[in-house]
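First, the structure itself, so that you have it in front of you.
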Amino acid sequence: MKRNIFVEPLAQTYIEKQEIEIVERKGIGHPDSIADGLAESVSRSLCNMYLEKYDHIFHHNTDETQIVGGQSAPKFGGGVVLEPVYILLVGRATTEVDGERLPYRSVAIKAARKYLKKHCSHLDVDADVMLDCMISKGSVDLMGVYDNKPKDFLSNDTSFGVGHAPFSETETIVLDAEQYINGRLKKSMPEVGEDVKVMAARIGNKINITVAAAMVGKEIPDSDHYKSVVQELKDKVHKQAERFTEREINVDVNTADDYKKGIYYLTVTGLSMENGDDGSVGRGNRANGLITPYRPMSMEATSGKNPVTHVGKIYNLLSNQIAQDVAKVGGGDILECHVRLLSQIGMPINNPQAASVKVKLADSVKMKDVKSDIEGVVDGWLQDTSKITNLVVKGKIGTF
Amino acid sequence: MKRNIFVEPLAQTYIEKQEIEIVERKGIGHPDSIADGLAESVSRSLCNMYLEKYDHIFHHNTDETQIVGGQSAPKFGGGVVLEPVYILLVGRATTEVDGERLPYRSVAIKAARKYLKKHCSHLDVDADVMLDCMISKGSVDLMGVYDNKPKDFLSNDTSFGVGHAPFSETETIVLDAEQYINGRLKKSMPEVGEDVKVMAARIGNKINITVAAAMVGKEIPDSDHYKSVVQELKDKVHKQAERFTEREINVDVNTADDYKKGIYYLTVTGLSMENGDDGSVGRGNRANGLITPYRPMSMEATSGKNPVTHVGKIYNLLSNQIAQDVAKVGGGDILECHVRLLSQIGMPINNPQAASVKVKLADSVKMKDVKSDIEGVVDGWLQDTSKITNLVVKGKIGTF
Amino acid sequence: MKRNIFVEPLAQTYIEKQEIEIVERKGIGHPDSIADGLAESVSRSLCNMYLEKYDHIFHHNTDETQIVGGQSAPKFGGGVVLEPVYILLVGRATTEVDGERLPYRSVAIKAARKYLKKHCSHLDVDADVMLDCMISKGSVDLMGVYDNKPKDFLSNDTSFGVGHAPFSETETIVLDAEQYINGRLKKSMPEVGEDVKVMAARIGNKINITVAAAMVGKEIPDSDHYKSVVQELKDKVHKQAERFTEREINVDVNTADDYKKGIYYLTVTGLSMENGDDGSVGRGNRANGLITPYRPMSMEATSGKNPVTHVGKIYNLLSNQIAQDVAKVGGGDILECHVRLLSQIGMPINNPQAASVKVKLADSVKMKDVKSDIEGVVDGWLQDTSKITNLVVKGKIGTF
Amino acid sequence: MKRNIFVEPLAQTYIEKQEIEIVERKGIGHPDSIADGLAESVSRSLCNMYLEKYDHIFHHNTDETQIVGGQSAPKFGGGVVLEPVYILLVGRATTEVDGERLPYRSVAIKAARKYLKKHCSHLDVDADVMLDCMISKGSVDLMGVYDNKPKDFLSNDTSFGVGHAPFSETETIVLDAEQYINGRLKKSMPEVGEDVKVMAARIGNKINITVAAAMVGKEIPDSDHYKSVVQELKDKVHKQAERFTEREINVDVNTADDYKKGIYYLTVTGLSMENGDDGSVGRGNRANGLITPYRPMSMEATSGKNPVTHVGKIYNLLSNQIAQDVAKVGGGDILECHVRLLSQIGMPINNPQAASVKVKLADSVKMKDVKSDIEGVVDGWLQDTSKITNLVVKGKIGTF
């Protein structure tokens, strides 16, 4: 099969040379990320249920989750959640196979609770969350798409995926900062909750990093301790960011605080959703973990969609994988690579209407030197989209 | 204080001499009983929260809980819950005291989950239940009633409580049967779920006992085992009932079964609410644990009401306590005793509009011999209604 | 067919001779009555849907409705509902017939909205109510009961119905008072909302009537007007009650008011559910429209149950009809009549385990003179239970 | 005040010269658009409530609405909705001002119902929708931002807005097509529902337009009629599109149909949400009405945010207004204009951290000729952001 692969030069200013760049990452505990995480974990649990019983992933899309913020009264040294967070799982699933009804809702709820317990370390899931599930069966027509073998899956929509690589310095710093805070730093700084938002605005050669981190009241006895935590976080994020750039860095933490007025970003659970912050799927990070308004982006919500036939999900994940592999071609000579995959409704998923790769090359290299290698990368990934499916089902690829 | 206590003879046929008597008990796992139990456990947890913080029980009434049955696919040797049970906690609470906001909803949800885990041994509360809470603050006026000391609490309503003692043979058998099945029998017969309904119709000297017991699929490998469990349960309940009567007894278990058509009362969780049975507060057992249409009954839902000012709750519990103590007066000479307490809105709770006691005496005893003792019993209980409050808060008195 | 009809003398003090009698009616706008009314209207609309399409009423029970009170800020001359009332329709229905799926939820919601619009004249149903429906399909087994012709319907439960007639003076007064206030009085006194509760306690020959009537803010400019409405209502209810008794009457209206403290029973909509009063099915009036703790009562919720096979509903309605007809036998010589119907699971509905009629006769008449007539009445009603079904479906018989 | 306005050349290939361009518009009846529309109408109604009472718009953000698709059984000539659509309004509002509690939820629900009635012509809002509202009060801190005069409003976030103008041919065609179908065409083609999705992929000089239009069963007697409607729609959209381009156009309508298998895009209400399609705010069209993955886009959900202090909303709307006005500078010599506004948390809204305008000029014009005019446009709009606020409150500017 000859695929519609187009490799062209990227005709715009190299990202690192642009005057302004803005990058944001909503951390794992941000309400929108929690919605994404729940949607994806529910989809994964459904996949596993289907696979265990029938060795086949049936139709489902659980890419809608609404989080309604609770009410809390945080304070230094403690605090309580007054009204629990309400979480509504929404979506469609195959509820019955060959006359056998499946425990789709119980599986979804169990997965959701497990996810919350794993990722929200200060949340008392048994008291501070109300979890509802309105997932129900989808329309019958769409399910027909599944009657074929994986390779023959046809696009269910004219859809679109986009990815880029490598990450710019600013992008690298933002992604790393959040993973650092919610990863290695967690043990030494238990005061910092999972709801961390990192935003960086690079203007010329100065990178301003703003971190909004929900602090956990019971780990912080008083305002002095709070201030010292803020300072420590600032210093550590700064030091960590320096590993990725020579540019001037400035870090601000919890800029909305006003110590004189007694305003601190204090929470009970380390999650802003405890007190009025709502969240939903597809409103936060793109499939690569970032929000990058100076890069091409897809509006498609990747989290929660089924990883077999939903082109929107598969193409976004594929684009990122392809971009990353393309960026490795030529050993650093590809400065920037944009990948866009466009499906055609009714055509096989692995034969897109257009697979467009735009690359900005270092002066030392010519397009003809890399073109066929790039095409090979694209062709390789498209040959077998089940690779992406497997990565998703096993939880080895992020969606937000 | 002179209380309005009226002691009179009971001018009707002695219950054991009546031709027909019907008695029912919805077991601990019946949807209506679960609703009652949740409502009461939520109220108790609120009481304790208020007491711990303020040494005072503030206004609340959590006497509404709606259980919406789920969907399940039970089978011998296993089965799954398809769609979880939905439970909605409803009611009113004091949400704020002296400007301090209280975790009333989190406390309610935690109590409810704990209750379910404790009393529904085969239910996976993390997967098979969705628990919502719409408890919110009550109307302001009613709260004014609380500004006084316990003794001075005024009735919030023209309300009514009723109790009787001692239990008839049929009543004793029914109450005991359910407690026996859900108590001592549990270890030796894990196949029997908590959703047990016992009904007895005494016609003349024959007592027909009907037990509907939800069986737990995973404990029952096949239909033969099921049948043997039904037979064993029948025999044991029969034997147990014989301890309380000389009358002829007949026991039926799961009469809606139809083995030929493959109809068994089989469940996944031992609870009929898993598959379409709904439940709500106040629809099941009266405060004495029974439904007794041949006895005076109150419509008041006792479970979930606050045990300090809610006359409906207090008078029903008091009436039963008084009746039991009155029945002890004279060492068995009081065959039957009906107690009715009638409040007057705006008057102190411990001074009812009428405290009426009707007694049926054995031939060997005269009213004048017992009257003042009976009055003493009534007066004693009315003197300090906080005794009832304490029993409720400590969970030492049942409400359903 | 020989039916198990037992006619006996009623061996207890005639109700009018008893020292105390308590009677209550929750008016049409009381939250529990609204729940009853919604449940019944939903059932009726499902009956009609089934009848129109298949000329057959299929299995359903919509006898659970939870009303969660809203929040309001009433004031003289106006007021607003702050948070709408939440209403959850719950129950079971036949959702599919011969492969055709039915609009059961849309029909239920439409019926419920229509009911509210008709009976809650001051309620803005489009703004002040949130209406949810969780009615879903019932368990499969129960539906088998429907495979037969009406006459052969078998009892689905060991159930029980009860009725009495004629009404005592106090009962007559209470029922009439509410219907008077919510009926003829409505036009001349628009200030009085539909949420009216009437309670009467007769002690000896004195009848104390307490009316709690939610007043409608926008119809009442100020406190003087309020006071005059209360006085007028008191006078009119008093005068109306006098039509039914020679006894001394005392009427109190809105006894919880405290003018000095500025406490009035004022509402925006004439419904206490606007501000924190919850309601649910089966917690209020019995099938005869009253709560009568000095009479035999059934705990069964009559409203919302299907009128074809649900013994609990049918037997309660039948018992009342039978009692009324029995009371007419002998032209007033039957002072009091209690009817109890007891079903036997698996037996035809029209052949109860026991149909017990107890009558208190005037001195002028002997049991043998009326016994066969009474038996004839019972037999007549039992011969064709579809009469009750039809009355229910056409809305010609009340259930609360 | 000197604003940080940067005007630069746009250093990338002119959009009309790029090889591929993809543009999508989710029509007014698409579930995501309905969510957007509801969120915005609720916000607008709150604005008006606040303005009427206090002449001031208080804090609120109602930018979360979850639509859970129902179940329907469409058919030619009719069809029914089986299970209503569930809609959950979510967000934050000022619920109390100076001790006066406000009817925020009733206002929200009323606005939502009104919106649905206006924009969903075939939907029976009284039967086929269940509308819930969980809007509640926001966190206290954020409200402090409102204590100042409009001009002094400080950014509540480091946020970002983006806009471009003029629209490319493909963009113009897509936007126009949907407005045409849901506008002028409605009267002559009542068969076409409001749920219309238009997607166009331009590859070189060929524009493939795909229209997915939910057809209304009751307006279409049979499949022949359906086919003729599809053909007519195709022809009309084609003809309409020709007005905007010389390029080759291809139009497809309802490509997922498969007449042989009996698959038609048939609905009861003209809305796919009736049968399993879910929707939520911010997942569809950007503030300019389109989804344009080949243009810079913001992830921010514009609909439902308050139009006074929410930078994300204001800057996205402003960017589009600025871009449109900039595009007019020089009479068509500005081929393409990208506007990006970047706020700085804690700084006045009308003084962004950076207001960046990139323009692609026709060969005939030089940057220096237009630069100061462009700066003037930007400065003008920034001087008074209340212009945007007013447009929003009056409903004169779209947000999706």
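Going by the order they are written in, the chains are A, B, C and D; count residues from 1 in each one.
Here, a residue touches a chain if its C-beta (ideal position, glycine included) is under 8 Å from a C-beta of that chain, and two chains touch if they have at least 3 such contacts.
Predicted model only: the values in this text are computed from it and were never measured.
More C-beta pairs in contact connect the chains of B-C than those of the other pair, out of B-C and A-B. Averaged C-alpha coordinates give centres for chain B and chain C that are 24 Å from one another.
Measuring from the averaged C-alpha position of chain A to that of chain B gives a distance of 50 Å. Contact with two or more other chains is made by residues 71, 86 of chain B. If you draw each protein chain as a dot and join the dots that touch, you get one closed loop, with every dot joined to exactly two others. Contacts from chain C toward chain D in the complex involve residues 71, 73, 80-84, 86, 95, 100-107, 109-110, 113, 124, 126-128, 130-133.
Those residues of chain B whose C-beta lies close enough to touch chain C in the complex are 6, 8, 11-13, 19-20, 22, 64, 66, 68-69, 71, 86, 88, 90-92, 134, 136-139, 141, 144, 156, 158, 160, 162, 199, 201, 203, 210, 255-256, 261, 263, 275-284, 286, 291, 293-294, 296-299, 301, 340, 342, 345-346, 353-354, 356.
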